[in-house]
Amino acid sequence: MTESRNICVVITARPSYSRVKTVLEAIRDHSQLQLQLVVAASALLDRYGSAVNYIEKDGFDIAAKVFNVLEGENLTAAAKTTGIGILELSTVFDNLKPDIVVTVADRFETMATAISAAYMNIPLAHIQGGEVTGNIDEKVRHSITKLADYHFVASENARSRVIALGEEPDSVFNTGCPSIDLAKRVTNGNAIEFDPYEKYGGVGAKPDLSQGYLVVMQHPVTTEYRHSRLHIEETLEAIKMLDMPTLWFWPNVDAGADGTSAGIRAFREKHLMPNVHFFKNMESDDFLILLDHAIGLIGNSSVGIRECAFMGVPVINIGSRQNKRDRGHNVIDVDYSREAIVKAVQTVFSQGKSPVSDVYGGGNAGSDIADLLKKLPLKFHKTITY
Amino acid sequence: MTESRNICVVITARPSYSRVKTVLEAIRDHSQLQLQLVVAASALLDRYGSAVNYIEKDGFDIAAKVFNVLEGENLTAAAKTTGIGILELSTVFDNLKPDIVVTVADRFETMATAISAAYMNIPLAHIQGGEVTGNIDEKVRHSITKLADYHFVASENARSRVIALGEEPDSVFNTGCPSIDLAKRVTNGNAIEFDPYEKYGGVGAKPDLSQGYLVVMQHPVTTEYRHSRLHIEETLEAIKMLDMPTLWFWPNVDAGADGTSAGIRAFREKHLMPNVHFFKNMESDDFLILLDHAIGLIGNSSVGIRECAFMGVPVINIGSRQNKRDRGHNVIDVDYSREAIVKAVQTVFSQGKSPVSDVYGGGNAGSDIADLLKKLPLKFHKTITY
Amino acid sequence: MTESRNICVVITARPSYSRVKTVLEAIRDHSQLQLQLVVAASALLDRYGSAVNYIEKDGFDIAAKVFNVLEGENLTAAAKTTGIGILELSTVFDNLKPDIVVTVADRFETMATAISAAYMNIPLAHIQGGEVTGNIDEKVRHSITKLADYHFVASENARSRVIALGEEPDSVFNTGCPSIDLAKRVTNGNAIEFDPYEKYGGVGAKPDLSQGYLVVMQHPVTTEYRHSRLHIEETLEAIKMLDMPTLWFWPNVDAGADGTSAGIRAFREKHLMPNVHFFKNMESDDFLILLDHAIGLIGNSSVGIRECAFMGVPVINIGSRQNKRDRGHNVIDVDYSREAIVKAVQTVFSQGKSPVSDVYGGGNAGSDIADLLKKLPLKFHKTITY
Amino acid sequence: MTESRNICVVITARPSYSRVKTVLEAIRDHSQLQLQLVVAASALLDRYGSAVNYIEKDGFDIAAKVFNVLEGENLTAAAKTTGIGILELSTVFDNLKPDIVVTVADRFETMATAISAAYMNIPLAHIQGGEVTGNIDEKVRHSITKLADYHFVASENARSRVIALGEEPDSVFNTGCPSIDLAKRVTNGNAIEFDPYEKYGGVGAKPDLSQGYLVVMQHPVTTEYRHSRLHIEETLEAIKMLDMPTLWFWPNVDAGADGTSAGIRAFREKHLMPNVHFFKNMESDDFLILLDHAIGLIGNSSVGIRECAFMGVPVINIGSRQNKRDRGHNVIDVDYSREAIVKAVQTVFSQGKSPVSDVYGGGNAGSDIADLLKKLPLKFHKTITY
């Protein structure tokens, strides 16, 4: 008797896809929801890991592909990419006529989704508002909160913050982070049953992983554009000094990508890295299993803060990127310093796994969010609560 | 010894220009500031009163004109107008290299200014954040607050709200509203020394103003698109019933402009309005002098809430557009109802001028804001305070 | 056995719709063609006669609406409108996957259709290439010829010209102009059976048409932007001097629209025009019937050159807009001069109807074009013939 | 006494820059011309050789940089890149107010320059019209001819063709190709005085060049998108079979870039190429000197047709890309076939240098074009000549 709802989710980058995959599944499998999946921006591009390939492989139908990345890797191009995103997404929404649009996290181009939906009077749901990082993402994240009608947040602190921002408490739901759903599902005592070198190619050495290994994933930090190269060199030097088996994952795009990528390339041309393998991308399930068995994760990825909290994997978190996110019991924060990184790895190595934490949820976020998307009253009109 | 700063102010609509004119003057006249004035969107268009003509007549140099209004007067076009605005303004900022960008108020297209500046790491100042209206403007206004680095607000309540939104208290300044500066300057006991019909043309009757007159200014309300026509018809009927000398000002653009404009046109074709004159636009000084001598203002313009509070002009405020803005002692709120409007006018008529109020400032906002734009540390990096 | 083809026709303006209406009907009614009708640019806008309303009323399904007119009515806005058109139409073609795209005539924004199709390797058909006018349209028209794969031209001279431009003779077809199909159908001895004032509204006097009347339709000429107003004033003065029953049709949009429109409005405010009625738009059938019974047509519309040749309606053709188009026996060319216009009307008045001519075809263009769209081999690769 | 003219040249790709470098110099050094150099599209991007770096190194001031490449490397993205180009370039022209805009050759995105100038009534000069290739470039090239007001062509055949296209003969000038100016200057008996491996990096082997070497440069062909990979593999196999010292230059961007680039990368991973070095880019002077001393050039670059004709360097020209361009005495045309390529190299190897030819000019194009840009009457209004 109740009508089905069209739920349009816009995915703009590889990490966002991994993060909300269980939400997409739950929407697709919900008898009263129609998933309208839009893949946009760097999620479509080879250079950034072609999330679209994984999405298709995972069996999702794609309702629209939106190419909106303006080449240039400078800040002006980031702004223009957002402008083009609005031009394109508004057409897509016009065609798909969604009942609710869902936008994920806080990358700069997600603003295009939020503005298009808000300006077209389509109810907007935001996954992962209310977090604190202290970088440009934060302007975007909280700005989107003020455009959104529903908020599916990942922790109690995040919920409090969204409410403090003047949102109606009954529009804010601590569902936990959907990425934890995935971590729960894939790391449930599973061993590594694939050869990552064979399955994912990549370049560099092929160290033996059976005696333990490190994982590295370090992204550039937008507002410190010029420093990206110096930052990554500290990590590269630390890994060189540690000389342990290491799996290094290439950064995804950001305005500073060139500094980071160029730093890695230049270092590899100058130095032997006989214990390091570089991957451009990996299916998130396999990545999580590798993480689950790692000695620790080095870098500034949010995976270290979120999934690793739930899995109890030690993390050496570098620099300011995850500055103020809630932490479980597994994180050692260090500065951009080869010595600090080396020292932290040694500590981690001596202590083994960390205690687990459900600070980011217990693994049911996907289905909880789908249920809410069906149940919540449709609205696109709100006011600040104070 | 201290260097001059480039201050880029983007004006996108006629009312925004009037509102910040004294700020523009104070920046232009400040020895250590360079004004970079950008005129964009409907401020350039004949149909919406060509604010650009007034700007040039007032002696301001225009650094760039940005045409970004996509025709269509529907919600998709509003989104796309914002996207085009980002494409264009990011080029302008690239060329002008401002030290600070200033965006005004909360019209949908001001978001383009905010995003372009924020994404390009240019410090962003926002004039008139923290207010409450309960319509689409509110999403835009508070969303811009979360992108802005400095906040020049118009009342104490607005200041409290911006701080509650997680902004650093020392980045939030209650300067009062610059429109009050203008009201103070022009209404200082001045008589009406011009013939509005002759000076501004327009259409309709030319009622005698010497025995008192009403002023009408009613804009469409974006999120109630389909109702714009019904709303305006109530006001038209009320004015017809009152049959008093009336000066009616044409609405500025919004997604619902057609409903309102079409309503007025249709009514005029059907009914004699022997006491009503319609203006498309007027210099704000002359408008304020006319307001100052009016029996009262009818409609939903923010002028009624702001300048009229300072001037003590009675206002019959219709509908939800100014829903939650702070009020002085001069406002009677009514619904979209011809009877309610008529009754309120009768009340006002019997009581005369209202007591004045400085709820929106005392008339020094322009120079206070210019001083702050010179003194404030340049920054584009912030975090939420909680 | 043969597969159906998707034929995507893009209509960007009211006159283009009238011109190809019988083509659209023939495609729609063809058993092996699917019509994908895209309505774009000024064809969607109230200000330019809302061709979209007529299209829907005529029973066509619209596959996509593309809003791409950037407000401004200056030359930069015309360029940008074309750029936005490409952004939008390429998305539309991506979604619709047409086998052939059809673009009509030579308005500036039709270039967006041509480029999008050509760059996406979609076979492109062009209706009405090969004509000569001597204005900006000519750059556009011949430029589109060089992007197009098939050419459906309206006269033998046009066919020769397209072939001279280096196109393969067997890709160029003189089908005649589809507007003649319509003229043939509706003017077949039909009387005026409607009251144009009642049916179409408009403003001004309501002259008695029973004793003969003039029709005026004058568009601005793009490359003479500043002169539009002077041009229209000559025509206005001539009509005032003639003081005959006159039906005046509002111009459609162009970069100079303001000069022309402003000229008409200003003249009407200053002068009584007791014999002139102004229409904003009219269904083309009714327009043709009115033309068929008129003493003559004054202005620079291509209707005077084309349909009126077939119908034998005398035309006073003003200025350079139709400069080098083929003519039947019905045209008197005059300069922008009130005296010349008046004199030509007097000549026409004394002579009555002109001899008919099939220089622009005999009335079967629609079905001939549809047949070709089915039969022609699909190709998007060509080379110049010399 | 005569006024200086602003000449705006838009460079969108590395090869276009090399081609017109002497024109840019001659404009810059002309006492009555002001060069306004705009660098756009792939000319700004690392991935395509950063022409901008060479431009700056050569001492040119850049008036504006225009980022308009939409990522995606598919045909839709090519269309959209052109649309964005129009949006951006029209703003640039608005700011720079050029007296003449110059567009170069026939890459898809040059259409954005042509449309923006033509629609803004700025006289447009086109360098290198009238050539024949038989691919998508041909649609673009001749389409631009029909938008351009002046034509600076590279051969007598090209001149005849442009005139046949209906252009006024006195607007068409056979100046020869400016690339010949450069070839004349740098190859005037000069030896190779630099180590290309050291100076330009690149990857692969470092074969000894003293006993002769081959040069390879093969671009994808847009309209044969899917075949790019197969095509390049034939060339790769041929080079492997020949096993001679070889310098391979990476292709510039096109809709098929992925096929070609991926083909090269995959081949390198599978096969040892002990005699082949790969360069991403090289200053054109050094490239020409290397070419001048090479046994021959293999691929489909226009350099083989043009500069090599003047220098007498044998060329094995593969496939359809240069299909119908005028040839000197130095070209052997082959299909995409490893055997044919190998056989042609053996022929060339046995014959040595080819006779020189001035079919593409004698080396004064730059200054001749600059003189014309000063002398020609300014006009933007034309008509077809027949």
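Letters A, B, C and D mark the chains in the order given here, with residues in each chain numbered from 1 onward.
What we mean here is this: a contact is a pair of C-beta atoms (placed from the backbone, for glycine too) under 8 Å apart; a residue touches a chain by one contact, two chains touch by 3 or more.
What you are looking at is a predicted structure, and each value in this text was computed from that prediction instead of being measured.
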Which number of steps is the smallest that gets you from subunit B over to subunit C via touching chains?
1
Of all other chains, the one whose Cα centre sits farthest from subunit D:
B
Please compute the C-alpha centroid of subunit C, do the same for subunit D, then give the distance between them in whole Å.
40
Find the geometric centre of each of subunit B and subunit D from their Cα atoms only, then give the gap between the two centres in Å, rounded to an integer.
53
Each of the following residues of subunit A touches two or more other chains, namely 76, 80, 84, 87, 91
Which residues of subunit A touch subunit D in the complex?
44-47, 67-72, 74, 76-77, 80, 84, 258
Subunit A to subunit B touching residues, read off their complex
75-76, 78-80, 82-87, 89-91, 93-94, 108, 111-112, 115-116, 118-121, 132-136, 138-139, 142-147, 160-161, 164-166, 223, 323-324, 380-384, 386
Subunit B to subunit D touching residues, read off their complex
84, 87-88, 91, 95
